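Across the two complexes that follow, subunit A remains constant while its partner is subunit B and subsequently subunit C.
Presenting the complex of A and B:
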């Protein structure tokens, strides 16, 4: 992706003013609670029982200008609720948040003009009309001048290759094409804070790659601050140096992705392909990881402590008929899965 | 100016939507003409057998029909399609996007879908009012016409405010937006003067779904049957209704929790 102009660039806010500052944010929903069955339904009709669900509990973090932060957690962890509070859709039960100096849930129009929320599972565009017409409606809503609109559209068109698809009714677009249009519609007003809630969900691999590349390039050109949730670890590893992990509404980890591996999973995987060796036993070297390939395969993996890798590798090379040997970090999915439950 | 630009863009976008369904457009125009013919035919049969309905002559009933059709234009052009849109958007969570736009959200949910071809019904309604006024010999002062126009606008605003209040209740009671069906049923009674109906229906038309305030009251002003303070009172009720409905909408938004992801 080639950079041809700089029109998305914004002045950098003064040092020390983080665009996103969250302090002790909590959100509790009250939900009706009843058992299944007709009797329970009748009882619930007469006397309704309610239960508090603590979706987000006392979460605090700061995000600096231009950062792309992965906001991770299993389903129901509180990611979307947090994003909805930060974008202004939900009022918190307690706590404070300042985004670009605004309190989000006051929905100040200055704030709404400076941020965007993209939800991979929701449609922003009108179904029956071409995306180009929805773009024009957004131009009127965000009061974008014709010159700015043209400049931004041209740039988004260059990055997302929109021209062939924006004249078709949205209902006739593929999922990937629709997501490109959704992203463009969300960015026409050049927001400086982006909340992206699973922007690649349901897309095929090549569409995921294109959307990832676009997000990275948009961030590079505009210096926008981006908070991203995704269940695809490829999104996270490609885009986010820093991640925040939330589980059961509580903040579990806030730091560099690379540091998480060292902290949560201080081990490495040594994969070896062995020559003729029918009775080779790998258990003295570490924990043997079950192979996903067929049992007859000569490739085996052993999990060892990170600080013993050099010694054990030397022993394996000396004691076993090794044809090939690689040392890998554990899969990021495993590391994050462990972080959820730690 | 900004609001007008926004509205004109929304109307253009909705027009493009309607033009995509040409057959619908033609069928609905024909249906509008059939509806008008049927209303006028009904009135002609009634007036062939009597000189007045509740003391009102044919020209007054034609004006009433025009005002009633005006309220129906509001219902069919804006309230019905946007009720459907609103219920859908609460259900599928797309209301989130509407609420994040830097524009008054009540205005947005009221104008997201405008069925443009109902402008034809609007022209018919205005035409009926003009024809009725031209044939009405009972108007003695221009103030009566001013009061009539002001109260028609105020009455229509009250109906709109009632709708906003009803859909705001969706934030507390799921699917409450469907109560618009009841509102629409009562509105049907507005094509005749409220005082021809029994007391209970008159009360329903005045205090629950105030269609009588939107249709009969302006005609009463035109006939010189309203005191000035009554006219001012009804105009005031219109303003209070607008204020209350916007409060209900804002209170509803505070309760909004969105559809789950």
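Presenting the complex of A and C:
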């Protein structure tokens, strides 16, 4: 994964112009609404009832050149809908968005040439032919010169080790291999804005690590702006300094990942392993957290306010038969989960 | 620009070869009706001497020519594109800087046509030996048939793409397409040469665009039309192509606003 050259680099937009500017973006879907059963089916045939679903409501944010931003929220929060609007697939109900100076849903070919959308469960490769053929098709579609194609391909090949897999029909590839080819196919035209929707979904741990490292390296080399959604917190902590949290279609948080813990969860976890102690009660020290360890190891965790950590640690050390003690930040999953519901 | 079409053709060609059995089934589906009509009408005409002045050899020549023109001007958009709107896989194509219909579907149509033509050759030769049709083809007719077939195809292509775009609103665009195909077969001269239709249906078929995509090129190749008639029909084809193209554009643009990119 070492860097050999800088050829993925492209000129960055002039200072002061953020590549992604979103103002008051909203999307309301109209869905048919009917109960189950034959009677309801017949009534629905004669007269359909519609219901409005507000998928995204009045969302605004700006993203600067070269940023990697994690776009987080529970299922159905409106992440993918926002990404689809920014990549030009969906027209919003109201609001505006400018990406690289373009209005995405006008689908200007200049815009489509400068961005890419990778959806983990979708494919832009044809299943019946080797990925190499799909790459050549993309070369033609994006009008990439032979020299540029070769250079970019060599570089992607170095990062993703594509050579052994691109001659096999795509349907015979494993999920991880296919994802590598998907990413390569999406990046052959060297987009300066990437929308990655669950890029590591369904992959095993080692494949996830490789894809993550690749995204980071691509961003470093090319200075591309990346917006990514993921349910895997490891993706977010490894890649994103900044996160945007969306829930029920509304923006809940936009800022540094590190600040989120401090703001949402200003507490720490003190984990202690205790010696002989049959009636030790930890409740006076803080909120006892169910611990993963078993009875034998006698490891317990309490959640305490961040500004009381020193005092409580001292008290515990003085009052309890402590063998081992660690102070940790709460797991990021918990912090984000709390952020969703605040 | 040519490189895009070349690569799309190569990829599509390769994909379709992967599905040889599927291709043969489609071809059979396409050829069964005209071959049945050929056999039925020829038998009846032989027994009666003629039907409204058309003899058995007339029917043979008509349907043998129709087999070729039908493949050349037919459109398969509903089969290769409607599901993409319905299941959301259209999203994969909308992010590419090419037109999903006016470029990709068009090339897929042409690549499929080329394969169908290849597969038609042996079948057509067998029928030729069996029925021994007599054609009176002239070089002028063949030259005029080139734009007539091209516009005939475009006419069907824009009609087919417009109907397929109904998928943006309903998941039942196929039934509308089936209805359209049946009207087409009747009014374009596939069930029966249009000259044998009742008078009111002949009038209807003259007013509707369908005959321009099948009956007209067939009659032209069979040498049944004067230059004036031919030029008039080519003019009508162009007018209908423009109308249907405009209609497609409206439906496509409105449909995209409605598109909900499901599933992805």
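FYI, the second predicted complex is superposed on the first by the 341 of 342 C-alpha atoms of A that agree within 3 Å, B and C clash if a C-alpha of one lies under 4 Å from a C-alpha of the other, contacts with A are read in each partner's own complex, and residues count from 1 in each chain.
Everything that follows uses one rule, which is that a residue touches a chain if its C-beta (ideal position, glycine included) is under 8 Å from a C-beta of that chain, and two chains touch if they have at least 3 such contacts.
Keep in mind the model is a prediction, meaning the values are calculated, not measured.
Enquirer: Here subunit A is shared; do subunit B and subunit C fit on it together or clash?
Expert: Taken together on subunit A, subunit C would clash with subunit B, as the superposition shows.
Enquirer: Between subunit B and subunit C, whom does A:175 touch in the aligned arrangement: first, second, both, or neither?
Expert: A:175: touches no partner chain.
Enquirer: With the two structures laid over each other on chain A, which partner does A:277 touch: subunit B (first), subunit C (second), both, or neither?
Expert: A:277: touches no partner chain.
Enquirer: Please indicate which partner A:128 is in contact with in the superposed arrangement: first for subunit B, second for subunit C, both, or neither.
Expert: The answer is both, since A:128 touches subunit B and subunit C.
Enquirer: Per the contact definition in the header, classify A:310: touching subunit B only (first), subunit C only (second), both, or neither.
Expert: A:310 contacts neither subunit B nor subunit C.
Enquirer: Under the contact definition given at the top, report the residues of subunit A touching subunit B in one complex and subunit C in the other.
Expert: Common interface on subunit A, subunit B vs subunit C: 29, 80, 84, 87-91, 107, 109, 112-113, 116-117, 119, 121-124, 126, 128-129, 133-134, 136-137, 139-143, 197.
Enquirer: Within their complex, state which residues of subunit A touch subunit C.
Expert: Touching subunit C from subunit A are residues 29, 80, 84, 87-91, 107, 109, 112-113, 115-117, 119, 121-124, 126, 128-129, 133-134, 136-137, 139-143, 197.
Enquirer: Subunit A touches which residues of subunit B in the complex?
Expert: Residue list for subunit B touching subunit A: 2, 5-6, 9-10, 13, 16-17, 20, 92-94, 96-97, 99-103, 254, 256-258, 260-261.
Enquirer: Within their complex, state which residues of subunit C touch subunit A.
Expert: That would be residues 3-4, 6-8, 10-11, 14-15, 18-19, 89, 91-92, 94-98, 256-257, 259-261, 264 of subunit C.
Enquirer: Under the touch definition given earlier, write down the residues of subunit A that touch subunit B in their complex.
Expert: Touch residues, subunit A against subunit B: 29, 80, 84, 87-91, 107, 109-110, 112-113, 116-117, 119, 121-124, 126, 128-129, 133-134, 136-137, 139-143, 169, 197-198.
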